[in-house]
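The data blocks that follow each hold one structure.
Next, two complexes with chain A in common: one pairs it with chain B, the other with chain C.
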Partner chain A sequence: MGEASKISRYLYTVIVLFVIWIFLTSSLDIQELEIGLVFSLVVGALTYSVFTESGLANFHPKRIIYGIAYIPYFLWAMLMANLDVAYRVLHPKRPINPGIVECETVLTNDVGKLVLANSITLTPGTITLDVRDGKYYIHWIDVKDASIEGASENITKPFEKFLKVIFP
Partner chain B sequence: MSITSTVGEFLVLFGTIFYFLSTLGLIRMPDVYNRMQTATKSATLGSLGVIVGVGIWAIGHVGSYSWVTKTIIIAVFLLLTNPISAHALIRAAYKSGIPLWEGSVVDKYKEALEREEGEQ
Partner chain C sequence: MVKRILAIIMLLIVGFWMANALSGVPFGEDKMLVGKYYLENVKEQTGAVNAVTAVVVNYRGFDTLGEVTVLFIASTGVGALLWRKKKERTAKSEGSVVLRTGSKILLPFIMLFGAYIFIHGHLTPGGGFPGGATIATAFLMLYLAFKDYEIEHKVFEPIEGLAGVGYVTVGLIGLAIGSYFLFDWIWQTWGWGHENIGRLLSAGFIPIIYTLIGIKVGTELTGIVDNMVREEVKDND
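Coming up: the complex of A and B.
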């Protein structure tokens, strides 16, 4: 994906900053909004070059819908995995089977790879140890399948079907 | 006693249970990598439950929606930053040469590093 124009990247940064401002002040008072807009414009001008590469293309409706659908899906996966790790902690025999496995991904976008690595780390039982050339090295508390294909099927595939739409 | 403050209290309780479980895991697990698994993860869900729980509790108890938006922002930033620190810690542990637990079944990362060294 090539870089979007400067104006598009700047506007995207301003909109994101302004939304965060509205959430933080949690007030729709006109004075609050005005000063927030001024600060968003100033901070956006200073930081847009490091903040985003694709600009307003991030607001494509399909990507937003998949992004919103990803949140409950991810929280549910995190809850289930948390209960699984809690079971391993509480079980008297401590049924763990740890190891470092290698996974591959179909994602090519850098931000997508970052979100995938973060999602893997946030899901209990798996921590991303390193990412090299599109290969993920993951510490897994219960190795079910040590082969690259089997591990990818278990760890990266469930997130990929959302992320490859959000970050094409 | 409104329904939102009850939900909020339940979420805070839920979060503290996961804090307790992660502390227990810290004691029970055999090596640094497995300890990271329980410590960082349950802390995330625990913190999420407590932080968002306080926001929802405030809707009923304080009667203000301004808490819940702030707590959601805090939770989002927590979810963005927590895994990066966990990744940095576990990678630093591996690079400084801490061995895996003897019950570990596979170490593909070591194989990859050796392969790379052989190519050079």
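Coming up: the complex of A and C.
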């Protein structure tokens, strides 16, 4: 996907910053909103060229719905991974089989790659060590399958279902 | 023997002097007259609900101008010590895609957060110095992530100078309108924001000065980072 127009990118940055400002101040006082709008416009003007490439297209309803749906999905995955690691720690025989595996991804968007890497790191048991040319190098507490396809099936595929829609 | 007598006389003099000084202090009452004065008058005189900020920027604004100068001298010192004819980024390897994308996405949020800290200086803990330092970390992150990133010196250095000049100008306007340097003309003469105590648009010139300090500290610390990261390049190799 190519770059969106400057106006679209600028507006997108300002809107995101203004929403963040409302969360920061947690106040709907008109004075806070006025100053927040001024700061959003200024900071947006300084940083929009770095911040976003696709601009307002990020507000596509399908992406927002998938983005919201990703939060409980991710939290559930994190909960299950926590229980899994807790089980391995508490088990007297300590059933671990650690190793570093290589995974591949279908994501092409850099932000998508960032979210995937952080999601993998935040779920206990797996840590992203490096991302290079679309290949993920992951430390895995229990290597079930050392092949690229097998590891990807277990680690990156579950998150990609959502991420490839959110970050096409 | 004479020495001992002299020592005893000295001790008696010192003891008498100290007892005299302490006899005026009533037992069980605090002596923080200045602190009490600030706490009792801070709202009427400065409009700030954060008494610490009112003392730092309003009552002792001249002292804060000195602190800004100290930082400026530190930055100049770093610049002078690390000065070379030709300096360039010499980093060999770029950050990974995670670091690069992350720093790009976080840049506007960190800058907004820095602005949030310095504009709320008169309401919450914080102010121009931490706000400016927060903004500088955004640029530090860009330096770490990209091997050929450099700030635009032609933009940063004039902004830094203008912010410093702006602080002195606010003080001089106070001198012209009121009676002394850094007189709070917005609050005391114009009387703006008297109905807004506790809200954002109050406290006279404190938000203005803290904005200027935030910009100045941010650009200055970024300049220090820039001076430290770039290394000398020799022409003949």
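We adopt the following convention: the second predicted complex is superposed on the first by the 168 of 168 C-alpha atoms of A that agree within 3 Å, B and C clash if a C-alpha of one lies under 4 Å from a C-alpha of the other, contacts with A are read in each partner's own complex, and residues count from 1 in each chain.
Convention: contacts are C-beta pairs under 8 Å (C-beta built on N, C-alpha and C of every residue); 3 or more make two chains touch, one makes a residue touch a chain.
Predicted model only: the values in this text are computed from it and were never measured.
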Three-chain arrangement built on chain A, chain B and chain C clash or fit: fit
First, second, both or neither for A:G44, with chain B first and chain C second: second
Partner chain(s) touched by A:A117 [first = chain B, second = chain C, both, neither]: both
First (chain B), second (chain C), both or neither touched by A:I68: neither
Chain C, chain A and chain B - angle at the middle CA centre, rounded to the nearest 10 degrees: 70
Of chain B and chain C, the chain that contacts the larger number of chain A residues: B
Partner chain(s) touched by A:N82 [first = chain B, second = chain C, both, neither]: first
Partner chain in contact with A:I20 - chain B first, chain C second, else both or neither: both
Which superposed partner A:R132 touches (first chain B, second chain C, both, neither): both
First, second, both or neither for A:D29, with chain B first and chain C second: second
Contacts of A:I96 with chain B and chain C, given as first, second, both or neither: first
First (chain B), second (chain C), both or neither touched by A:V143: first
After superposition on chain A, the shortest CA separation from chain B to chain C (Å): 7
Interface residues of chain A shared between complexes with chain B and chain C: 20, 24-25, 117-118, 128, 130, 132
Footprint of chain A on chain C - complex, ascending: 96-98, 100-102, 104-105, 107-109, 111-113, 115-116, 119-120, 196, 199-201
Touching residues (chain side chain A, partner chain B) in the complex: 20, 22-27, 78-79, 81-82, 85-86, 89-90, 94, 96-102, 117-119, 121-130, 132, 135, 137, 139, 141, 143, 146
Residue ranges of chain A in contact with chain C within the complex: 13, 16-17, 20-21, 24-25, 29, 31-32, 35, 39-40, 42-44, 46-48, 50-51, 110-111, 113-114, 117-118, 128, 130-132
Touching residues on chain B, where the partner in the complex is chain A: 18, 21, 24-25, 28-31, 33-34, 36-38, 40-42, 44-45, 65-66, 69-70, 72-73, 79-80, 82-84, 86-87, 90-91, 94, 100-101, 103-110, 112
